[in-house]
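All chains are identified by letter, namely A, B and C, in their written order; residue positions are counted from 1 within each chain.
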Amino acid sequence: MSAAERIQALAPVSGRRRYTDTMMRGLLLAATIVALIPLVLVIYYLIKRGVGSWGGSFFTSDPNGNFFGNPGGIRSALLGSLEIVGLATLIAIPIGVGVALYLTEYGKQSLFANVVRYFVDVMTGVPSIVFGLFIFIVLVLAHVGGNFTAWKGSVALSLLMLPIVVRSAEVVLLLVPSELREAALALGAPRWRVVFRVVLPTALPGLVTGSLLAIARGMGETAPLLFTTAGAFGLTFSLSQQMNALPLQIYNDILSPRNVVVDRAWGAALALVTLVLILNVVARVASQRSRMA
Amino acid sequence: MEAGASTVTGGRSLIEPSPAARLPDQVLRWGLLGLAGAILVLIAYFFIRLIGQSGTALDHFGLSFVFGNNWDVSRDIYHGAPLVVGTLITSAIALLIGVPVAVATAIYLTELCPRRLRQPLSMLVDLLAAVPSVVYGLWGVFVLAPKLVPAEKWFAKTFSFIPFIGGGASSVTPTNYFIAGLILAIMILPIVSAIAREVIATVPADNKEAALALGATRWEMIRMAVLPYARPGITGGAMLGLGRALGETIAVVVVIGDAPAIGHHLFNQGYTLASVIANEFGEATGIHRSALFAAGLVLFVLTLIVNIIARGFVARGHRARVPRR
Amino acid sequence: MIPPETTSQEQVDMSTSGGRSEQTSGDPSERSSGAPSEQSQAAPDMSALGVREGAGHAIKVAGLHAYYGQQHAIKGINLDFPANEVTAIIGPSGCGKSTMVRCINRMHEEIPGARAEGSVTLDDFDVYAPGVDVTSVRRLIGMVFQKPNPFPTMSIFNNVAAGLRLTGTKADNLRERVHRALRAVGLWNEVKGRLDAPGIGLSGGQQQRLCIARAIAVEPEVILMDEPCSALDPVATLKIEELIDELKERYTIVIVTHNMQQAARVANSTVFMLDGEVIEHAPTNTIFTTPHDERTERYVTGKFG
């Protein structure tokens, strides 16, 4: 049989296979589009129903619990979020980077280091509400420095952010070329100097982007705050009192029977998502760029 | 790398650092080690305290806490089967819907997508994970749930012969198991997709070439060389998604309706371990509170187990299948 | 080498692709001209595949250009690969040997950004003609790669069967053809007791023979080999070269090699390439003893490359 004849003979089967191939490819593309639809829809509705609230005193007045009249804006929630997450960041990042440093510079592949890695990995799977419960039991029930306070919320959030920081920091620190470290050590620099003057500065951009992602995560969490900060309407700057936060405010407002309050929830959600998406996109694009550099 | 030799004459070499100079190094080393260890201790401590707080309820109800079907706040009876069942149902729905879509997305993005679109599209899929859970709840309860009710009614009526999944068209509520599962599917999609993408990218190009050279179509190549290789890793990813679905609280509590009983149909309201805590914690005291802690404990242990198994799978997937010789 | 006509007479029903009628062989040990039977390492035995009807299949490459994006890698090649002969392609690294060979079975275009133009004719059938089904082309033109690459999740049996399963070969026919292919490459005695064992559990040389069995199970006309022995030890290499000698009875073989001694051992004719062009194509003896072109002479005497 000549080649042409054989190919001819193969035609019916290969026709069928080509059909299956086209169908499956179409299906896979469709699935990808389906996966992205929720993102588009969420953003669309956030803008559609949230932008309307963004006028007037939305960002300059505090929410109030009134049953009538102007329900107020989201100022205390916004500022509260910034404070609580800010403190959480101050806790989580140094500790997280510290643990990551230990893993890359000292522990490496030792048994202890691997155990730590494993635990940290497992920590990423712990539901955020469980962290809230933990802090509630250990700090709130025990009335450590008051009952519900903002700083306890920060501690709960930092537990959540910690594994994210450790994992991303470890990846970034491992990318620092070992030649750099060895060159510095060979010049007689003690290890701690090498860490602070060579390793950390080199890894800094990556550490920052990893932190941004952790911060974005922290800003969006509600459950841990429910048990620790418990929210409040009024504006306060004291971290040792109950404080409002955007997710708490939104959660509260969803259940309200008043339409204007629900509208405020949409506006607040739009603000929150804007913040979170900006952090995410900046962090991801920056890490892409540095990878391609 | 630190010089430590002493000189021939027995004195200390000039380049050997003095004990005092070595101190910061030791401080750093042991400090960081202590930090890492402290975290382990902390988690263990939390675990123990949680068990402590759950003690009352668990002692009182024993196994019926998990298997008994009667969650009655007014009478202080806390048999949590509705919670466990609700958790399992919503997570099952999340997996059934979310995993196939996530894996399909991963295959498309790594194998079929035009190269220039790969990064941006992957980032968009990852951004699904950035949306806070409370926002999914807000959108779910005010946008998605009402829109789906007609379809759900139709489905319940058309498939009424199937137990649980069908039937009960008249008792369809906007907040129900299904929509909770659907929202969860959206939330776990980015995780499962990201891991699947990672795993699929490790498939050796050799094998893909061999499949193509045998005359496979692109899809056949994926079926022959990519999917079997990636299967353990993808399974691990799916399990991590499961872990996430089990523990998700805020989005679920808003869209599931918080009914403390096992709904008879897919489109009825229900409860999950996580949502009950969020919903009832505010005013809970005494044994009620202890019961909620116990729910948290069950949730914690459940997600822990799932995560550990999942990581086993992912590790198996990452380990290169190297030929023996 | 056992002449194929002494085999038994069963007609095999080709229920699937490209029906070429064939006759099975019996168990090699039954044949009169004593083939070594129960050795643990049997010699390759093409007769296991039965009689092949019709003339062999030649390849004609004409006006072939290949690009990687803007880079012009193959600059107008015209070559004839005679039927049932082994043609070796030699040349320094980067001269385009692999690229050219991958254009023959249209694997080159699988690389993102790569394309090829020109014509490659198998029996007057131009595989680059518009509308040609690439998967069918690759069925007729098989390929063996540099690094043995059996599918790691598949057993030995399933590896060999992989290509056959694509066109839905039925179970009995499948088993038959897998066994025959394994016999043909001389692996049968080594693996017959463990066909379900993972393909990657074999040694490097065995894996490569497995890959060859996988390639011939679908009965191609041509086999392209891209440095098939460079990842193997000398003993395994010799076995493969023995096999190639047998394979050419049934197939047209093109082998890329950087090892000139290998070309001298296995190839009927040799092509010398440089910078994407064919410098010389001549009987192997001639290339190595009296090459026409000065550049060929410099390469084969080791003055560069």
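Definition applied: contacts are C-beta pairs under 8 Å (C-beta built on N, C-alpha and C of every residue); 3 or more make two chains touch, one makes a residue touch a chain.
Model, not experiment: these values are computed from the prediction.
With centres taken as mean C-alpha coordinates, the chain found closest to the middle of all protein C-alpha atoms is B. The chain pair with the larger count of C-beta pairs in contact, out of B-C and A-B, is A-B.
The most distant chain from chain C is A, comparing centres defined as mean Cα coordinates. Distance between chain A and chain C, defined via averaged C-alpha coordinates, is recorded as 54 Å.
We define each chain's centre as the mean of its Cα atoms; on that basis chain B and chain C are separated by 48 Å. Chain centres here are Cα means. That of chain A falls 15 Å from that of chain B. Within chain B, contacts with two or more other chains are made by residues 217, 220. Multi-chain contact residues of chain A, defined as those touching 2 or more other chains: 17-18. Shown for chain C are the residues in touch with two or more other chains, namely 135-137, 139, 166. By the touch criterion given at the top, residues 1-3, 15, 17, 21-22, 24-25, 27-29, 31-33, 35-37, 39-40, 43, 45-46, 49-50, 52-53, 100-102, 104-105, 107-109, 112-113, 119, 121, 123-128, 130-139, 141-143, 186, 189, 193, 217-220, 240, 243-244, 246-250, 254, 274, 277-278, 281, 293, 296, 299-300, 303-304, 306-308, 310-311 of chain B touch chain A in their complex. Interface of chain C with chain B (complex): residues 105, 107, 110, 112, 135-139, 142-143, 145, 147-154, 162-163, 166, 200-204, 207, 211, 214-215, 218.
By the touch criterion stated above, chain C contacts chain A in their complex at residues 16-20, 53-54, 57, 122-125, 132-133, 135-137, 139-140, 166-168, 221. Looking at the complex, you find that chain A touches chain B at residues 17-18, 20-21, 24-25, 27-29, 31-32, 34-36, 38-39, 41-42, 45-46, 49, 95, 98-99, 101-103, 105-107, 112-113, 115-116, 118-123, 125-130, 133-134, 137-138, 141, 162, 182, 185-186, 188, 190-192, 195, 216, 219-223, 226-227, 247, 250-251, 254, 262, 265-266, 269, 272-273, 276-277, 280-281, 284-285, 288. Against chain C, in their complex, chain A makes its touches with residues 1-4, 6-7, 9-11, 13-14, 17-18.
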